[in-house]
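As written, the chain order gives the labels A, B, C, D and E, with residue 1 at the start of each chain.
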Amino acid sequence: MGGVVNAAAYAGGHKARDISVSEIADVLSQSDQFVWIGVQEPDEDLLRELQRAFGLHDLAVEDALRAHQRPKLEEYGESLFVVLRTAQLASDGGRRVAFGETHIFVGPRYVLSVRHGPSVSYTEVRARCESTPSLLRKGPGFVLYAIMDFVVDHYFPIIDALEDELDSLEEAIFGGTFSQVISERIYDLKRDLVGLKRAVAPLIEVCNRLVRFDVTLIPEDARLYFRDIYDHVIRINETIDNQRELLTTALEANLSLISVRQNEVMKQLGAWGAIIAVPTLIAGIYGMNFEFMPETHARWGYPVVVTLMVAASVALYVRFKRAGWL
Amino acid sequence: MGGVVNAAAYAGGHKARDISVSEIADVLSQSDQFVWIGVQEPDEDLLRELQRAFGLHDLAVEDALRAHQRPKLEEYGESLFVVLRTAQLASDGGRRVAFGETHIFVGPRYVLSVRHGPSVSYTEVRARCESTPSLLRKGPGFVLYAIMDFVVDHYFPIIDALEDELDSLEEAIFGGTFSQVISERIYDLKRDLVGLKRAVAPLIEVCNRLVRFDVTLIPEDARLYFRDIYDHVIRINETIDNQRELLTTALEANLSLISVRQNEVMKQLGAWGAIIAVPTLIAGIYGMNFEFMPETHARWGYPVVVTLMVAASVALYVRFKRAGWL
Amino acid sequence: MGGVVNAAAYAGGHKARDISVSEIADVLSQSDQFVWIGVQEPDEDLLRELQRAFGLHDLAVEDALRAHQRPKLEEYGESLFVVLRTAQLASDGGRRVAFGETHIFVGPRYVLSVRHGPSVSYTEVRARCESTPSLLRKGPGFVLYAIMDFVVDHYFPIIDALEDELDSLEEAIFGGTFSQVISERIYDLKRDLVGLKRAVAPLIEVCNRLVRFDVTLIPEDARLYFRDIYDHVIRINETIDNQRELLTTALEANLSLISVRQNEVMKQLGAWGAIIAVPTLIAGIYGMNFEFMPETHARWGYPVVVTLMVAASVALYVRFKRAGWL
Amino acid sequence: MGGVVNAAAYAGGHKARDISVSEIADVLSQSDQFVWIGVQEPDEDLLRELQRAFGLHDLAVEDALRAHQRPKLEEYGESLFVVLRTAQLASDGGRRVAFGETHIFVGPRYVLSVRHGPSVSYTEVRARCESTPSLLRKGPGFVLYAIMDFVVDHYFPIIDALEDELDSLEEAIFGGTFSQVISERIYDLKRDLVGLKRAVAPLIEVCNRLVRFDVTLIPEDARLYFRDIYDHVIRINETIDNQRELLTTALEANLSLISVRQNEVMKQLGAWGAIIAVPTLIAGIYGMNFEFMPETHARWGYPVVVTLMVAASVALYVRFKRAGWL
Amino acid sequence: MGGVVNAAAYAGGHKARDISVSEIADVLSQSDQFVWIGVQEPDEDLLRELQRAFGLHDLAVEDALRAHQRPKLEEYGESLFVVLRTAQLASDGGRRVAFGETHIFVGPRYVLSVRHGPSVSYTEVRARCESTPSLLRKGPGFVLYAIMDFVVDHYFPIIDALEDELDSLEEAIFGGTFSQVISERIYDLKRDLVGLKRAVAPLIEVCNRLVRFDVTLIPEDARLYFRDIYDHVIRINETIDNQRELLTTALEANLSLISVRQNEVMKQLGAWGAIIAVPTLIAGIYGMNFEFMPETHARWGYPVVVTLMVAASVALYVRFKRAGWL
């Protein structure tokens, strides 16, 4: 059975020992300990064994198997089932953000986290918890907080990266670039924002319920910590909304700048057209085959007319330059 | 009387026997059994007979006759009346989605499902229910869940198909296609999304009420199952909203790309215009009929001037190429 | 006193007799009867007499005199005052929908309906009520339902007409028409939708209150009927919203199609411009007055150059055709 | 002390006598009378004296001094402080609407109205109140109603004027005017609508609270009157929203009409360009200096070619005319 | 330890004496005094010492250290933690507004304000409080009001500056400027509005809770003051929303004006093109080499044709002028 990442029993705020899945029952039989297991993309066998060990509900286990859930909090009797979307900066070209999922089962005496898709390991969370025994002593409820806090904290660098992209887009737009690439970058940014919003927005409700929750799982004094996460989530959500609004305005600014630019190109073309058309007309006039055109017989005719042409073109050029058409 | 698809009596989680409409009264007289009847586009006679058999309310029966209802949940005394919109991928060109309707009457001892328009038969649901006697034993409330779950599960492939279409549209837009077809595809996709939203959005309220419902029809432990549907519906709804937002952005991106493209075409036209106009001007000049034009009498005049024309054109070409106009 | 359309006393679900305004007091003195009066665009005298007869509130009567109210439900002690906007398909060119108003005063023993503007007579409602004595026996509350149901049912053909117009607009837009008329039709449709929304949206609240209402006027078993109207209103409202959204998308599609079309026209113009400009240039070259132009003295010069011109034009034509510019 | 417009004591529904500010204390000492004072743009001294006389709260008085408040209702102990925005049709060019402010202090025994900026005098309200002693007897609460009703009634002609402007804009847009002025008129109308909305929208909440208010200031039977204002405010608000929506559509229609028009101009230009370019090309061809061009030596050459030119132009003209380009 | 700006003990509405951080414990031991400390960008050491002195909660202190919080109000037992965003007009080119943060810890016997980023010192607030002992006697709750009032009052000049910018933008847009700069100014203004909204909007909830708050920290009679701030915040918020809506309309007006202008430029170009093309065609005709062109041999030929050219151009010019193309 592949998929177990880390499993340990905790007592009094300290790690008692690493355990295997088969030892879970032993730990649960000792009332002063709790189990914390982390698994990654488990196969069905493992998940079913964990289901038996902890008595998890069928519907929750099916969710954890299938993944592709939206962030949510569900109560099954005394225990909680929490789904989070994890986000990471992606390295590949097109998309900036890669999303994964974490499913957390929390009972009075156990925490089980199931990771799907791209996401950072929670060993860092575990280390951090083990280094603060006074908090870890609060039990599974605190571990839930630690994991959620970790996940939410990882949204911030993404928000920053998207803000950077928006800034760079602004520069490109108002710096005079009108290529097709800009529209595509705007669209990609929008897509990333919509994806992130999808991960973050449902967390507002989840955190809100955890703050108000009336169960022994979340100790009274841990609620302030969930309120802290709630606050972060609200902030991220607000930032996303602001960026979406600015992006919409940027898109519209882009559109009007393209039109302004079109106007300018049209004026340029018109100006150059005139500068060429006027001497062409003059040339046409002196190309007429009238016998009695005094100028054509005069020695000074040719140079004077050419000078006239140049003068006309220069005059037009200056005039258009002044009018801002060139 | 046409329209009956399937009718059976159930007892203790197992099918007791297939029955005909006239036997309903017999079954209802045995307190340990319940009837599950499925009919498709029934004529009024059949529906009226079923109304008498189950004591259905006039208004609900009229809804089931006329169809074209929106999804809803109504209570008539002890029994429930549920309207669902079923969705299927359509095979024909224009529209991607075909919608049908299912009306479900649920009482303490019966389930009656009435199908209208294109929809998959519910024999699969029946088979699935019969294979899990422990759940089917919960009675008509569970059958309602099974049908709703089945209907909602059928939305997912449609959502996927619409997402594929959006992806393919993105590619077409940013890949440089600007044909009229794109606007039409955007509009069709929007229409499908609006139609699907119309089917799904009212279900949120329906499921929500079923989860909280305080009647004996929905056994306490079945609520978790309705919560599961609720969760799916929320997710589908959210996906539709996200797609609508992305589609709007795609539409705007399309518009600005058309303008960008227009700019490019204009520049191209202008550049080629200049490349042709300049030698035309030169030709005009040497077409003038002045007697004293030294070049015209020189042997080298013609080849030099033609070379000048070519040179001017090439110079312009290079210049425009560098400026990105060509 | 002009304006009375129809007045009758009802007892036990049947019409007792037609009455005149002056006989109202007689009817009201018999506890088993109720009065149902319909008036159309009454003058103030008539309305004041009715006010005295039924004891109507001043503010409600002033509303009924002035018309131009929004749909609403107001309680004055034991009696209700309901304002509805009636809608009819208009025959004249510009607008598709003509709106009227109906004000209904309902007391424990009377129903008074006041019609303003274009609307269908309620004699049909009266006939329908009189043909179902079992329902009419429920009294004025049921008459209120019958009138509201009648008014709401008349919205459906309008909704259908607007949907037809939207379909026809879609066809025109994607069928390649870009005339000014389309923008005007889109605007007119929007205007009709906004007008209809204005008639329908407030009815949601009105019906909702009638369903929940805790007065003897609406008998307990009549609430299901108002819930039925409520359901229709919700459906109409939703359809309007969907059409508005599609219309917005159609408008944007129209805009981008105009731009696409502009692009095409520009390319066509450019292509034809080139097809003409190139032979013009060639002609210009051979119009130059150099003495030593061997071609001009050759017998084959003229036909060869003209062939060259034609060849250049044909080559350009083929090329532009292939590039999709023509 | 400037600013007093009108001050009087009322008893039993009738004006007792005109008073000066210094007599207020006398009136308040007689339990059967109440004071109604109207002041316009008072200086601080006057307002401070009135504050002492009526015991007004500091914060409310500061609001009344500074003006630029939004419409609101505040309770200070037993008394009310109401802020209204008055609106008038302005005579000057740019803006259609001029806004003023009225601050009303209402206590059990006094009403004090403070007017700022452009607004109609309330002497008309006073006259109307004095002519209906039965209502005026209800006391300061009824006076508050009378003033609010007066202010709200003055919104209607403005709404009508804005609707006229919208109609006239529609005509201009669909009548084929595309001048810069239209965009400016659209913007000005939007600005007026936003301003009016700002005056009206907060009144919904104000009226709503007055209807539900549980104080002796507003007698039970006066609530129906405030409900009437509430109804008007809702209606005005709804009309503003509808106009905003139509205006947005008009703006978009305008934009697409401009594009349509641009298309047409481009086609016209292209058509005329072709009509001129083709004979120019023909002229160019016969301007070539080939010795052996049989046509140039023929007597019929010139007239035939000129006829050809004219024919080509006419043919093109007819063709473009049919294609709708001209 | 850097960062302390000002620290003093207050008793009975008057400043008792300036104190240092180490003296806080002394002051807190005297039940009739309270401490008011202001620090600016404190280092961690100072903040930790203050945490110990006042018993602040870990999470709040971490917020105060990290800054970048959104405005909020949190309760920690008996004490409050308030975060405000301060705003100032910036002097540098790009952005109009610079934002800072103030974190306020309020307990029954202390007020601690922590400033981050650009913001005005609160010594002015302190001076104002010390000059009204009757209010300062109300204790820390009133100091909280004074600081919030000060922060909110500083939003008004910013709102005014943004309104001025909007006015100036309107003038530029409708005055006929179509440069790229306008789009950029619109975007910058939008960005400022979004930033300000972000500072102000959460304050609505904060103030609302302070008005309703049921703790001894905010004395009953101070709630009216917080209601005053609430009112200001609502007003600022509404102004921002209105400006955003007008800005959107301005952006759209700008877009349509650019299109109108493009139309005009195109017409101008077309008109001038015709004015040049027609004499060019005439010149081309008389440049044809037909032997039998009577005009070319006539003495009057040349002047007449040139006159014809001029006449054609003038005729076209007049015509286009009248049609409004020039």
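Structure notes:
Keep this in mind: a contact is a pair of C-beta atoms (placed from the backbone, for glycine too) under 8 Å apart; a residue touches a chain by one contact, two chains touch by 3 or more.
This structure is a prediction, so every number in the text was calculated from the model and none was measured.
Steps from chain B to chain D, taking the shortest chain of touch contacts, total 2. Shared contact partners of chain A and chain E are absent; no chain touches both.
Traced through touching neighbours, the fewest hops from chain A to chain C number 2. Distance between chain centres (mean CA atoms), chain B to chain C: 26 Å. Shared interface positions of chain E, i.e. residues touching 2 or more other chains, are given as 255, 259, 261-262, 266, 269, 273, 277, 280, 284, 287-289, 293.
If you walk the ring beginning with chain C and heading to chain D next, you pass the chains as C, D, E, A, B. Residues of chain C that touch chain B in their complex: 170, 174, 176, 224-225, 227-228, 231, 234-235, 238, 242, 245-246, 249-250, 252-253, 255-257, 259-263, 266-267, 269-270, 273-274, 277-278, 280-281, 284-285, 287-293.
Within the complex, the chain D residues that touch chain E are 57, 59, 69-70, 72, 74, 76, 178-180, 183-184, 186-187, 190-191, 194, 198, 251, 254-255, 258-259, 261-262, 265-266, 268-269, 272-273, 276-277, 279-280, 283-284, 286-289, 293, 295-299, 301-302, 305-306, 309.
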